[in-house]
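Would you mind keeping the following structure in view while I ask a few things?
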């Protein structure tokens, strides 16, 4: 059915894309690799350093802390966004003008520039002019994201949930729509409860989109930069400083080319590794275990 | 136990149907008896799936009633009707094992496990699924999946009717007859009403004791496979059943003869009278010379000979196809194409030959419906 | 034109799809490729069309080697089993597209499309889009596109398999008529022996990528050159019963003995597979030498006016093809009659060693 | 004999929709479930809209009202903040810049991704799997990693502070994404269509433009939506590769915070204006998006 035809001339179709991506990926990556093993002191003064930068980066306490923060952040938002997204997808209307309206509304946060997302939440949570900050204060709840690290974390997570849950919801929604009606009919005839329908029909059929959702959310949350930068500036202290911000500070702010290059490569590899492990694990789980005993 | 009665049933997908064309099912009455094996046969779009969904409760009829044992169930959802349904594409719960799939309806009714297990094992045994019970349902072949979805209906003691919606569509041709056998066996073993929807005459006649042939939202004949073949009640049945279908001739009564165009047809006296009566009745009723009188004859009941015999008509043979077990002869009579079936080993015929219509199998149709001419 | 496939092999990812096929198709012939799913029918057609080059071997058209000539430069048409049309074009534009691309004048295209559409009974649908049509109409559109250009080679890959059987019957009849007037090579792939018989012409029986037999359809049917060919080309499949032939008698299952006829006596004594057509088994004895067998019914498949009765004997299953409608219940005991004078015999390598005499036959005058 | 063998009756395709009327008991049960889910959805949407509403609310107030007492809606409705943005070229040029590089990126990406995705969906060729995998890894590259090299690269080729620089930089993640989405859609088109076209005599470019692209329209729509989304929202690279001439709106917004305090009204109005193009884009693809979001991979 889906047997593709061997044809090496297909390279011609891929070539323009390859040139562009090479320009925007390979050349910069080579630069990074180049820097990561050198110490650049001036235009003509470079020294080969080997793995020195890598070692110092891996042993850097601040970076280790940022890494832990990053991992915690990604895990927390995944734990919230995936179930919440599924839940929203389940209650979204399936057809009619309502479906279109909900769809347009729900995708809205996805299309707001990331720094504006930060601004929106910065405004929203300020005690003096923001509805949420003001509301919490009126309710007598102590809340200040510039002083209290806990408040800052809660706010950043809330912001990310607000920002990205729609993506999970939309993925699940389109996954749900592709389930043939006969499955629901059969379930009714089998007298399945709503929970059973979810557990045995909807959830299994959502596996593929959920894999995509988890991967996308993991990747993007791991690279998060603009939103917390605008909202908290990484503070208070470094409580909400994530890896991208550390890297940007190091590379652009301090012009530490060698260390930041080494850091970049480690950063990139971590994302690749986690994604790959997650993906292969899921794919292996999906394979049926051989029938035991053979009955 | 269920006897399913359809009373004055009609269904339209339009909110305000304007004419007959807006109805997927036109006004009909029908009874499916307890324990029968029935088929609903018709081309796609004839309304058979709609009817099946009305019986299962997935669809509510816009007019008329559905009765289960005399009880009106129009509004009852499928889960409260004690029916099971097998769909065209196998519906199984991918992540469960075959055992859990079969146990699913029982567990949904909170059946205690000690009663679930023997029941599942019993049904698995009948369906020859025992060796697969531990397997994930996802990796089964299409026919195994279809058996599992059938099994989910059979495990329930309260199921009184199983509805099949073209269940063999996705089954490998070589395996189809085995599943047909299984279906027959199950029907003979369980006292369950079974209704089988299909567009294939082979599926319908193999499975069912009685077949309802549907055409344009109506059941045009309800009868045994033999009746459908030998006495089609409607020209559509004649055409649709049998390969090839029935030959039809528009006839009129003229000069004390039954005329097919310019060709007088040798028919029985009773038939002649019936045609004569129909002609005059039609002429009076319609006030014009409107006639819709047809004679039908199956290709199986036309005998072909090279020389004239008693009551034969001259024909022009256009082609003979050898189909292995029989030959199909195409001929022209009064500029119309006819088909005749010759048994294997029939002597060869030339271009000019003679056809003899077996009088006992010539049927009279007025306005497309069969009229008994009264054979001796 | 003539088409000659010379020793074609086609291997995909190390798996042979076609092995050693040598086939010459004559100008103006209608050819059926008969074989089960995955027998290599589709692959062979794709090679003929030039959609893929064969791994080994040559494709010769009119004496010219076209093995590596692209499909665009060969004058072929193809109709698939899925209903393949251009969804963004109307039925008219779909049918007209080959002529438009060949830059025919507008008036000529109009005329041709009109003719073709009328022939296929879709003249009233020309302004519609394919997805608005029923399956049968969509396939007619696809056929229209294949027929409009005077292709040298027209390929049909199970074109009717996704249609209701009644439509299949009608379209099949029309197809036969359409080709009688054409002077091109037509190749038609099917899994159904009855379709091959109904279409006539020549038949090539394929099995697991190999060509088993090629010849006039009737001849291939009556005189299969081997067991596979016979099994492939009969519906229901020919019954095969292993048995032993001695100088005087045949033994089935070490318990059923019957004397063999004179022709079979000429064979070397030994083990053979005996084949008997489903339609030759009967419920009433036809001749004195018929062998009565006690069997149990599996299922009776009824199709309109015929019954396919599946039964099993203690050791082997049998299928009967009965005319008329007969109903039996599952496991009903029954006596069937086995015509000992109508046996095919195949040696253990699967070659045909004996063909029963034909009883009469209807020929076109 | 002409019987209506295939009746493409309008009703047939609806025959799976459940009946609307039900017995009282079930009606109550399903109605309750229905209203409960509608309520929950409404609640979610309301909470989701709230921060945006607040932004709009502020954009329609003067700074003194914003900083004054807490008001849930503008007491003195004013459009001055918007007028200020639309009359100041250094402000509205930010929008123009952003839209320009987003449009360029969408155009470049779709032009190179369409043929590449076609190649991946139809052919096998040496190194195809590795190439595809490598492409996907680019999706996982943090833009922060590429900041410095990009800056140097575009500076050295003289593209710094041009729209095309940003457009090209965004290709890093947009091209792989587009190829990935398009490949999914293309694979659902039977390859027999392609073959039929070649048999009919179509040349590849003509077939691609006339037949194939119309067939995957909704896929292209969804792809463009995603391209817009990721290019429009990205700031880190856009900021780094521009200085004045091609500066994105996100950067210009930082001007609202000056030594004398933050110009909240203008910031809010500018923020609202960045949301509008997104709404327009979703509106155009709303009918395809539900199907397309699964990226042809369900």
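For reference, chains read A, B, C and D in written order, and residue numbers begin at 1 within each chain.
Just so it is clear, contacts are C-beta pairs under 8 Å (C-beta built on N, C-alpha and C of every residue); 3 or more make two chains touch, one makes a residue touch a chain.
From a predicted model like this one, the values you see are computed outputs, not experimental measurements.
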Reference chain C; chain at largest CA-centroid distance: A
Result of counting contacting C-beta pairs for B-C and A-B, higher pair: B-C
Separation of chain A from chain B, taking each centre as the mean of its C-alpha atoms, in whole Å: 57
Averaged-CA centre spacing for the pair chain C and chain B, given as whole angstrom: 27
Separation of mean Cα positions, chain D and chain B [Å, integer]: 52
Multi-partner residues of chain B (each touching 2 or more other chains): 43-45, 58, 77, 239-240, 245
Where chain A touches two or more other chains at once, by residue number: 5, 182, 185, 205
Contacts with 2+ other chains: residues of chain C: 51, 134-135, 164, 166
Interfacial residue positions of chain C with respect to chain D in the complex: 49, 51, 70-72, 76-78, 80, 82, 84, 86-89, 97-98, 101-102, 132-137, 142, 145, 149, 164, 166-167
Residue numbers on chain A that touch chain D, as the complex places them: 2, 4-11, 13-14, 16-18, 20-21, 23-25, 27-29, 31-32, 35, 87-88, 90-93, 99-100, 102-116, 119-121, 123-124, 128-132, 134, 162, 166, 170-171, 173-175, 177-178, 181-182, 185, 194, 205, 208-209, 212, 219, 222-223, 225-226, 243-245, 247-248, 251-252, 257, 260-261, 264-265, 267-268, 271-272, 275
In the complex with chain B, residue positions of chain A that touch it: 180, 182-183, 185-186, 188-193, 196, 200-201, 203-205, 288-289, 291-295
Residue ranges of chain C touching chain B (in the complex, touch as defined): 36-37, 134-135, 164-166, 169, 191, 193-194, 197-198, 200, 218, 221, 234, 277-279, 298-305, 308, 310, 321, 323, 325, 327, 329-330, 358-365
Contact footprint of chain C on chain B as seen in their complex: 43-45, 172-174, 177, 180-181, 184-185, 188, 199-202, 205-206, 209, 225-226, 229, 239-245, 298, 300, 317, 319-329, 342-351, 353
